[in-house]
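Shared between the two complexes below is subunit A, which has subunit B as its partner in the first and subunit C in the second.
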Partner chain A sequence: MKYIPTIGIECHVQLSTKTKLFSEVDNDARGKEPNSCVSPVCYALPGMLPRLNGKAIRYAIRAGKAMNCEINASSRFDRKHYFYPDSPKGYQITQFYHPIIGAGYVELPSGTRVRIHHAHLEGDAGKLTHFDTYSLVDLNRVDTPLIEIVSEPDIHSAKDAHDYCKELWRLMRYAGVTYGDLYNGNMRFDINTSLAPEGADALGTRTEVKNLNSFRSVERAVEYEIKRQTKLLEAGEKVLQQTLGWNDAAGVTTGQRSKEEAKDYRYMPEPDLPPIRLSAEFIAEELADFPLMPNDYRERFGGTIAADVLEVLLDYPELMCKLGEIDEANVVLVSNLFSSVLLAEEKSAEYLNDLPSAADLNQLAEMNARKELSSTATKEVFMKLFDPQMKGRGTEQIAKELGLIQENDLSALAAIVDVVLAKPETKKAQDDFRAGEEKVIGFLVGQVMKESHGKANPSAVQEILRKKLS
Partner chain B sequence: MKIANKEISAESLVREALEKVKKYADYNIFTFVNEEGALKKAKQIDAAISRGEKVGRLAGVPYALKDIFLSREGDTTASAHILEGCASPVTATAVEKLEAEGAIMIGRTNLDAFAHGSSTENSYFGPTLNAYDKERVAGGSSGGSAVAVALNIVEFATGTDTGGSIRQPASFNGVYGFKPTYGTISRYGVVAMASSLDCIGFFTRTPEDMDLLMSIASGQDPKDMTTLPDYYNLSTGSNAAASPIDANPPARTIGIVKDFDNDAVDINIRNALKEKCELLKSKGYEIVELEMPVLRYALATYYIIQPAEVASNLSRYDGVRYGFRSEKSGGLNELYENTRNEGFMPENKRRIMIGNFVLSSGFYDAYFLKAAKARTLIIKEYEKAFQKCDFILTPVSPNPAFKLGEKVNDPVAMYLEDLMSVSLNLAGVPGLAIPAGFAPDGRALGLQLVGPRRSDKALIEFSKELR
Partner chain C sequence: MEVNCETIKHLASLSDFAISEEQTETLTKNLQDIIKYISELDSLDTEGVEPTYQVFEMENVWRDDEILPQDASREELLAMTKEEKDNQIKVPKVL
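The block that comes next holds the complex of A and B.
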């Protein structure tokens, strides 16, 4: 029997606000001592009250827009109770009943649409590190603002699961709401997978694999679950409704707890925070400068840039934004420089924040088109545009200083060719060529290049040589 | 004023208060006496006055702080074992405002642990005794504060009122006790009981003092998102009800609740209410009888919403980060269980259990959600009532101070103490407990004035008519 997999994904996105969701303490704990970004609200001193960070509301509006979602005019916070040392208050402040972001959809590069059920704001939990006889608690991450994005079960393959997660990652970074650093857990994915016989109305029993932090592990975990569940079903066994972990090294999912012992979170409206009411004007104002999204760029550049290059470049909102400023005629060259030169650089990540001006890039492309710069010289000048010593000087000046501008003046080139042909040491080659030995043309071009100190345009030189030797 | 005019020094006032603290030690009023800190502050104030500097409106005034407010003076225990030794790094907004005006904290006062109770008998430090009869309870939960003001140890005391915790002990000890409109005074830095019901307020011996304290402590606080925009000091203070900011005509009509006048209410309290009504009539006020049948559900509603929020708010006391931790804490679950089992009082545990029950999946709709709906009806019931009258006069509790130990083993009888007080917290409306003489056996009697939301200043002003 053939089984159709159905997958729904929950994604936690850490927002890159300056301060935390419920208190004015540093939200960026990267490289900081444990428990150094912690306010009395975070560690739940008695009498402390949450103060809602307005920036997180603005980010939620942007994130919602990126996913084509409704922004709810009224939303509210709830308490989700559980005892664990990563939760100092004994509850997480989340939005269970009335989330801020309503239904929407994400379109994958393949054209598949994955509907979004809703997305809500909540505070992150702390982090525990376990040792033999004790555990240490780090509360730096407590109350870091999160958006939890809940998809509809619209995904039916590991590839689409991968693409959905990646597209979400892109959308959140284009919307400017997260650093999107997967290695540091800025985005974490929970995948729900079930299998049902082809043509069946009802979905099968699902398992949930929690806390995946790379697209590759999402894809592998889904593949693994599909295989594992298929094997069970084919053997006539039942799939247990379970929460699982992912062992990336071994490539297997591992049992965490079965849903039978599911916790009762005793949700309750958060009495310390009044409801959030958003006027249409406020939402419109926040979205006034909303940037282009990956699909906007696909539409714009789909006919110009090769699809595989475009998909690579789409991972970098900074590059796409820059490409958007480049003249139509220069887009192909600049996109190639971005994909094959810049991204091949070891320090490309650093360069992304300080890209050359559109004017410099346009000029570079035009000089290349006019054959003033060879393709090698174009690449060299391009990288100099990132050099702190040179970048301010402009493309043309840099090219000149480096002596990279090609001689394209045909009469000047003809004169140089004449000088070379007059040299006795080229005599034999000239004869050989006339006798039909094609390949010696290379030697002669080389001699001209040498004479011109490398500034001659080699193809123009060859053309002149052929004429003169015919 | 006397202090600023150098008629009397702040230091002598503080010394006098500290002496009274010792004199009345057997009442078990204080959990902490701020001898050193209070004297130091008094000397600073006297020095400032002698230098001719301007001092605050409460300069040198000794006050008592319910031991549920966070400040850097003394540990904040909430009279609970589980918070023992908990020194706070922050100060409550209300305390900051009082101290900025020069008030001097003499000591922290006893309460039912975490403010759970109506007699101060649930304190880890034992009960506080009634100011007029040492065999009787002080009321609660702010028992220590009420007795400290009644015995004239301090000029005023702070309290918190979630279901009557200011008004009932005020009436048991013959002083004024005010629960403002919800959100009038910041809750920041006050150990939470039930967040949607908790109000910060005061005990005083006069309405004038109450008005001054309210004008100082009220106001919107960015640290408490449930505080209302400033209104108290914008009120006219005329005893006009509906919108105090408007120049409405003074109050003319006073309502009394028919349901509260029955045999379950102590005869002395019923008589006191009648006397006050006669007094008002003689002053030209109209008395109207109100039917408020929805208030019958107030106590049941309260004992669902309040324990739910209590259970949630008490989740943070787990022995991990501060306060008491059980010696028996091998594993994580053991740490939680033993710390909370040893650290909480029986009444705390009762409310945690009720609260978790009404929030548990499968019961939420039947209990919590239904109670939330009933709460909306109660809010509407008060709105309707205030279309017929300007203020309402009711008993605070069904009886005056009862005997120590009389109700400790009967939680339901103890909960019935809150019968007439909790509906105000559910509706968010202000209530002022006023002294109403004494029963023949010497027990203090009190009544409660209720006003519409934000009529606080007018309500306090109106209470002068009933002196």
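The block that comes next holds the complex of A and C.
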């Protein structure tokens, strides 16, 4: 029997606000000491009241727009109770009944549409480190604003699961709501996978693999679960509804928590936070400067830039934004410089925030088109546009200073060719060429290039040589 | 809603409270009384009435996204915990 996999994904996105969701304390704990980014609210000291960060509301509006979602006019917070040392409150403040972001969809590069059920705001929990006989608690992450994005079960392959997560990562970075640093857990994915016989109406029993933090591990975990569940079903056994962990090194899912006891979170409205009511005007104002999204760029550049190059560049919103400012005739050259020169640089990440001006890049492409710069020289000048010592001088000035501008003036070139042909040491080569030895032309072109100090355009030189020697 | 000893034991285990049989019985009785008292509200017809989530009729109470000094330092906060180690809060092993 053939089984069809059905996958739904929950994604937690850490928002890059300056302060936490419920208190005015530093939200960026990267590289900071444990428990140094905490407030009495994070500690849940008696009587502490949460103070809602307005920026998180604005980011939620932007995140929702990126996923073509309805922004709900009215939303509010609830308490989700659980007992665990990563949460001093004893509950998580989340939006269970009335989330801020309603239904929408994400379109994958393949064209597959994954519907979004909803997305809501909530506070993150602390971090536990386990030792032999005890555990240590770091509350730096407590109340970091999260958006939890819940997809519909519209995904049916490991590849689409991978692509969906990657597209979400791009959308959230284009919308400017997260650093998107996967290594540091800025985005975490939970995948729900079930199998059902082809044509069946009902979905099978699902498992949930929690806390994946790379697209590759999402893809592998889905592949593994599909295989594991297929094997069970084919052997006539049952899939247990389970929460699983992913062991990346071993490439297997492992039982994490037994579900003998159904969860009982005892949700209740959060009495300390008044509801959020968003007017159409407020939403429109927040979205007035909403940037182009990956699909806008695909539409715009799909016919110009090769699809594989475009998909690589789309990982970098800064590069796409810059490409958007480049004259259409120069887009292909500049996109190639971005993908094959800039991204190959070891320090490319540092360059992204300080890209050359569109005017400089346009000029570079035009000089290349006029053959004033060879392709090697174009690349050299391009990298100099990032050089703190050089940039600011402008493309043409840099090319001149480096002596990279090619001599295309035919009469000037002809004069250099004459000088070379008058030299006794080229006499034999000239005779050989006239006698039909085609390959000595390379030697003669080389001599002219040397005479011009490398500035001559080699193909023009060859043309002149051939004329003069015929 | 029916409250019995099992309900109390379940709630206690969710919150990781250790309670004796005697306490269980007292708490069950107390909670039953409270719910009975509150249940008088059931006599009202609330058909078509929006649930009340909060009574102050406030909305959109937000603050700016600016870091402000907090009332307690890291050291003061850590000092309030039962046990600390390496600037972290030490708790019995949980998994």
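As a convention for this text, the second predicted complex is superposed on the first by the 469 of 470 C-alpha atoms of A that agree within 3 Å, B and C clash if a C-alpha of one lies under 4 Å from a C-alpha of the other, contacts with A are read in each partner's own complex, and residues count from 1 in each chain.
Quick note on the criterion: a residue touches a chain if its C-beta (ideal position, glycine included) is under 8 Å from a C-beta of that chain, and two chains touch if they have at least 3 such contacts.
Since the structure is predicted, the reported quantities are computational estimates derived from the model, not experimental observations.
Trainee: After lining up the shared chain so the two structures overlap, which partner does A:R277 touch, if you call subunit B first and subunit C second: first, second, both or neither?
Mentor: After superposition on chain A, A:R277 lies in contact with subunit C alone.
Trainee: Regarding the shared-chain residue A:P34, is it in contact with subunit B (first), subunit C (second), both, or neither?
Mentor: The second partner, subunit C, only.
Trainee: Just subunit B (first), just subunit C (second), both, or neither: which does A:R51 touch?
Mentor: In the superposed model, A:R51 contacts both subunit B and subunit C.
Trainee: A:H81 in the overlay: touching subunit B, subunit C, both, or neither? Say first, second, both or neither.
Mentor: Both subunit B and subunit C are touched by A:H81.
Trainee: Just to be sure I read the superposition right, which of the two partners does A:V25 touch: subunit B = first, subunit C = second, or both, or neither?
Mentor: In the superposition, A:V25 touches subunit C alone.
Trainee: Just checking: does A:G90 make contact with subunit B only, subunit C only, both, or neither of them? Give me first, second, both or neither.
Mentor: Both partners, subunit B and subunit C.
Trainee: Go through the superposed model and pick first if A:T17 touches only subunit B, second if only subunit C, both, or neither.
Mentor: The second partner, subunit C, only.
Trainee: Where does A:T133 make contact in the superposed view: on subunit B (first), on subunit C (second), on both, or on neither?
Mentor: Only subunit C; A:T133 stays clear of subunit B.
Trainee: With both structures placed on chain A, which of the two partners, subunit B or subunit C, ends up touching more residues of subunit A?
Mentor: Comparing subunit B with subunit C, the partner touching more subunit A residues is C.
Trainee: Of the residues on subunit A, which ones does subunit B touch that subunit C also touches?
Mentor: Shared contact residues on subunit A (touching subunit B in one complex, subunit C in the other): 40, 43, 45, 51-52, 81, 83, 85, 90, 137, 264, 266, 269, 271, 273-274.
Trainee: Which residues of subunit C touch subunit A once you look at their complex with the stated criterion?
Mentor: On the subunit C side, the touching residues are 10, 14-16, 53-54, 56, 58-68, 70-72, 74, 77-78, 80, 85-95.
Trainee: Please output the residues of subunit B touching subunit A within their complex, sorted ascending.
Mentor: Residue positions touching the partner: 69-70, 76, 78, 83, 86, 88-90, 92, 187-192, 194-196, 222-226, 308-309, 311-312, 314-318, 320-322, 332, 336, 356, 359-361, 364, 368, 372.
Trainee: State the interface residues of subunit A toward subunit C in the complex, per the touch definition above.
Mentor: Residue list for subunit A touching subunit C: 17-19, 23-26, 33-36, 38-40, 43, 45, 51-57, 76, 81-85, 90, 128-139, 264, 266, 269, 271, 273-277.
Trainee: Inside the complex, what are the residues of subunit A that reach subunit B?
Mentor: Residues of subunit A touching subunit B: 40, 43-52, 79, 81, 83, 85, 88-91, 137, 264-269, 271-274.
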